[in-house]
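Scrolling down, you'll hit the structures one after another.
Across the two complexes that follow, chain A remains constant while its partner is chain B and subsequently chain C.
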Partner chain A sequence: MSLAVEQTGAPRQLPMGRLLVYGTVGLIALALLFAPFLFPDVRSQEVAARICVFIVLAASFDLLIGYTGIVSFAHTMFFGLGAYGTAIALKQFGASFTSIALGGGAGVLAALVLAALIGLLSLRVKAIFFAMVTLAAASVMLVLASQLSEFTGGEDGLTYSIPRLFSPATELIADAEGKAVKLFGVALNGKIALYYFVFSSSLALFAVMLRIVASPLGRVLKAIRENEMRAEAIGYRVVGYRTAVFCIAAVIAALAGILRAVWLKYTGPEVALSFDIMIDILLIVVIGGMGTMWGAVIGVVLMTLASYYLKDLMALGAEATASIPLLPDLLNPDRWLLWLGVGFILLVYFFPSGLVGTLMDRDARAGK
Partner chain B sequence: MKDLNATFERFGGVMLLPVILAIIAFVLIGRPATWITLTAAGLAMGMMIFLMASGLSLIFGLMDVLNFSHSAFVTAGAFVGATVLGWLTLWIAGSNPVLNIVGLLMAIAVAAVVGGLIGWFFERVIIKPVYGDHLRQILITVGGLIVAEELILMIWGGAPLPVPRPEVLTGSFIIGEVSIEVYRVFAFGLGALVYLGLYLVLDRTRVGLLIRAGVENREMVEALGFRIDRLFIGVFMAGSALAAMGGAMWAGYQGLITASLGAEMMILVFIVVIIGGLGSIRGSLLGAVLVGLMANYVGFLSPKVALLSNMILMMAILLWRPWGLLPAVKR
Partner chain C sequence: MSSAASLTSEHLGISFGGHKAVDDVSCAFHAGELTVVVGPNGAGKTTWFNLISGQLTPTTGRILLGDREITRLSPSARAKAGIGRAFQLTNLFPRLTVLENVRLAVQAREGQGPRLFVKASALSHLTDEAMSYLEAARLGAVAHLPAAALPHGDQRKLEVALLLAMEPKIFMFDEPTAGMSLDEAPVILELIGEIKKDTSRTVLLVEHKMDVVRALADRIVVLHNGQLVADGAPADVMKLELVREIYLGTGAEEVA
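Moving on to the complex of A and B:
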């Protein structure tokens, strides 16, 4: 009966929302793939590399909040563990791939152990309780990083050098004169190698997460999010699954931290541990859409563009309204987070599934 | 083991923990005068944290809302209090002790009123639409936190703000070798007064009865025909006012405040609420005293691990009692 209705009903509409999402993600992927050639200036490359790392970080946070319904505020803690592990090893043992592997490995291991501990200790209680415990843990980690200054460099952070292969002075393909060969006007030097190292690692991690989400494990996680009691009743050990996904997300975040540390050649509380990053990730995932990996991609790009261009726009607005009381203060570029916060609240009210989620839902409804 | 537990319970149960902590610290510190000073400091700090934590805990207990914007209320209270103290400089800095105290109390009262008003606005506009949905509550209160912090930065700017301390509350009482800052005694007294007030309201009045009943079983109170939403808003305002009061007290204690004050205190407040058990005023008091003492003792013994020690305390207590020491809700 239902089949018949479907066939004789109105002709199937094109799933516009879905196409829009996939199209945008495709464009972003292409732009990131050719970023060094499309946007050769230094600042754009910084932005592109940051977007790559943050897509991984936000997507791994989405595994928790969107797919499993766990609210954790400790995600930057794991990110920071990866970054600091790499940074400390590079600083202490010199710039080699072995240091990256050793330090990064130690960071990832620490993240895994800590995640398992926190998970087993507190995932059996309510979501809210867990949010508080993770917040407390993350704050302590932040304080530790600034206090153990002989290892972590304290508030100043660590500056270190990375393997020679990634240095701008290294030629990947040298021409007759010993200079780096240019392709489309861009010298093929170590910086390019570093960018593609970051890009391909991010892509691989993202692919792993897509695989996890599509696997039976992903389905169980969604079941837990929708109805915990029911999932337990069907026979899934909810605490076990939650701890597992918490550990997986922690490991991926730590790996993203390694990438960040290698790219920046600097690790400090501001870039690897602070709550600003946590808030950023939260905004990214909610704006993009919880429970869709694509949401993380679009969210990161939107947030990054907003943080660069919203400020410019607001500066213009502040100048234009300089004669009116109050308004210039509200439009001061430093207050861009204020408007993002307001937008965030409105989004949680009216489009709780985020941009991507809303677009995809509309298709689902139109298709019925 | 069972006998030990029974004895422990008979002599006051978990309420003994601060005493045990104090005794251990006494042995480790070894100098009675230092120990007394540290204990007084710990109790005063605990009382100020209690002001901030009790509001959060009460709101959670009754409304099942964990308000992540609570720290913004603390910061707002601190800045409002500091501003009022700035206006009343003549009173504060004068030599008349009565005017000193009146000025400080006025600053705290104004902070509490402003906190209550912010709370009212928050409950109506931000939290009301998302009752019962934990995930969206957390998200939306984090959004509220971002906006509130930005507004505070916009109004007061990012530079540290000095807070004048009333003349009569500067200096210390010195008895023999022991010296205790006057402000700490004042903070302890005010905290104790607020605790007493909360206790009387919650345990001796009809409204308190309804609130406790609401914590226990909200649907039942509603079914009996009471307007629980009015209770909600009242408790939310009271909780926010307490947070702002705590913030104002803390501002006077610190002497120099920045916009990140609330966020820094919030870590301790969360630890207190988790240790004490969500929704209970007594639990908050117990947790706050424990955390305050721990912070001061460990801060003296080995300053580097002060915050870590509270984290370890929290972990240990969670292992022992996953719901906190004196939970009021077991939902």
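Moving on to the complex of A and C:
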């Protein structure tokens, strides 16, 4: 009882952690919304589009690992199914929206069926066996993708064209001379249309996931993560819920795969199926904070910026410190992975529940 | 009670590697009746409860809820059919708030779990209902703390509040006051007394405390080495030598 008194008696503190998280996410959202105008160079465009798609991919993985406590290594497999479905259709049937819809649709359907099968067959067993099953499935898919090279292009992957609307040569609004109208010095061409296609689709998918975690279903998922046995005992069919969320996450990952395939105009094991991506999203979710959704956003941005710009930053650092012994060697861009590793260890040490998780926990402890 | 049984344990049994933890236990329970299950440590009380609420599947026998056989149903299906269970070892959702713990039970009973595109926070009647169970268990003031942050006594109360929120036909309490201080236990006993007043309900209670048994029991069932060795009115059962041994704390000599 004394606790309650203390709580109402204490002056209400500002939830700093929460503000920091929402502020950062807001900035990221703004940056992504205006990315084509803020960062018009090709590389930045690629970074922004990758961030959009990976937020969806990592957040859907967070539905599994963070919200429900399901450990799966098959998430990039579902991503790959969406990407390859789209890529094969664009290659075989030509660059049209129909190809994207048909191929992407087939990929999503395949992901759904496969997820339902894996889920029903093996979500009853211990978590470790389930993780093994997903690992096996993902390995088989990787082998298939390289063996069926007639369709998938094998290790080289597939290069294809995308609908004309998305081509840089397409003017969205033409001026009197037939050139694309410029806004803030950026030509409104098909590339911009493509970026906003990726951006708005990603935003919609992320919104769907936010809705899911705030729904009655979202509550059940957390209950299963916290205490599966009690969730079952109060009347929730745990296997059913687990299978359902596994399917939902698989479908969302496959949809993200479609976006990736359309944006890149290339699909191969490296960009759509490899275990490197799996490890990436695992790290993203751990760094950002499991079971928070916002953690996926912040984690993806950090990881992506680090993997694209850390080398550049280090090259600058090495130059600036050229006159000092040792430092330029340490900052040699070839050592970027080392520094990335050091960064991870520090983050995990100082933010044991991930960035978002730890910041929000701090609020909760401060008596929010 | 002459009415049809609300719950029947028919020749129920389970063995763990040759050791018969529950051995051919037959017993029928009736609505409006509170049965206290007693027996020394390791007698098989909790295991018997696990068979009835579905955490374990029996190797022999059947379980009937009314006339319906439920022997092969999953725990969640049994919960939906009206069997509610509180656990001996506190078994909560530790990082969720006290309110959320109970709300989950309310939401499960109302079948709202699978809803995907409704905002949970918009379903305020779930919250209101959950709060009323928390008030009943004297936990209203700590509703917004994580369950893990509660002291042991409050966790036991929450364990009971979860069971209340299920509104089952069959209430199963497994040592609800275990480890509670003397001034906290009465809250739980009052709650069980309240439950008993509704004669459509069947209550099973594992309890060691003599005064509790006296105050609440309509009937006492004694388990010993997995077997049902006595069953009857409290006054009769209390007289038995074995029961005296158990209650004097000398019943733990046998290790079968």
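Definition applied: the second predicted complex is superposed on the first by the 316 of 368 C-alpha atoms of A that agree within 3 Å, B and C clash if a C-alpha of one lies under 4 Å from a C-alpha of the other, contacts with A are read in each partner's own complex, and residues count from 1 in each chain.
Criterion: contacts are C-beta pairs under 8 Å (C-beta built on N, C-alpha and C of every residue); 3 or more make two chains touch, one makes a residue touch a chain.
On a predicted model such as this, the values are computed, not experimentally measured, just so you know.
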{"item": "Partner chain(s) touched by A:Ala136 [first = chain B, second = chain C, both, neither]", "value": "first"}
{"item": "Partner chain(s) touched by A:Ser149 [first = chain B, second = chain C, both, neither]", "value": "neither"}
{"item": "Contacts of A:Ser161 with chain B and chain C, given as first, second, both or neither", "value": "neither"}
{"item": "Chain B or chain C, by number of chain A residues touched", "value": "B"}
{"item": "Which superposed partner A:Leu337 touches (first chain B, second chain C, both, neither)", "value": "first"}
{"item": "Touching partner for A:Val348 - first (chain B), second (chain C), both, neither", "value": "first"}
{"item": "Chain B versus chain C as contact partner of A:Val220, first or second or both or neither", "value": "second"}
{"item": "Partner chain(s) touched by A:Ala233 [first = chain B, second = chain C, both, neither]", "value": "second"}
{"item": "Complex interface listing, chain A residues touching chain B", "value": "65, 69, 71, 121-122, 124-129, 131-133, 135-137, 139-140, 143-144, 147, 275, 279, 282, 286, 329-330, 332, 334-335, 337-338, 340-342, 344-345, 348-349, 352"}
{"item": "Contact set on chain C toward chain A in their complex", "value": "53-55, 74-77, 79-80, 85, 87, 91-96, 100, 103-105, 107-109, 112-121, 123, 141-142, 145-146, 162, 166"}
{"item": "Complex contact set, residues of chain B against chain A", "value": "60, 66, 126, 129-130, 134-136, 138-140, 142-144, 146-147, 150-151, 153-154, 263, 266-267, 270-271, 273-274, 278, 304, 307-308, 311, 314-315, 318-319, 322-323, 331"}
{"item": "Chain C partner contacts - residues on chain A that touch it in the complex", "value": "1, 3-4, 211-212, 214-220, 222-223, 226-227, 229-238, 241, 244, 364"}
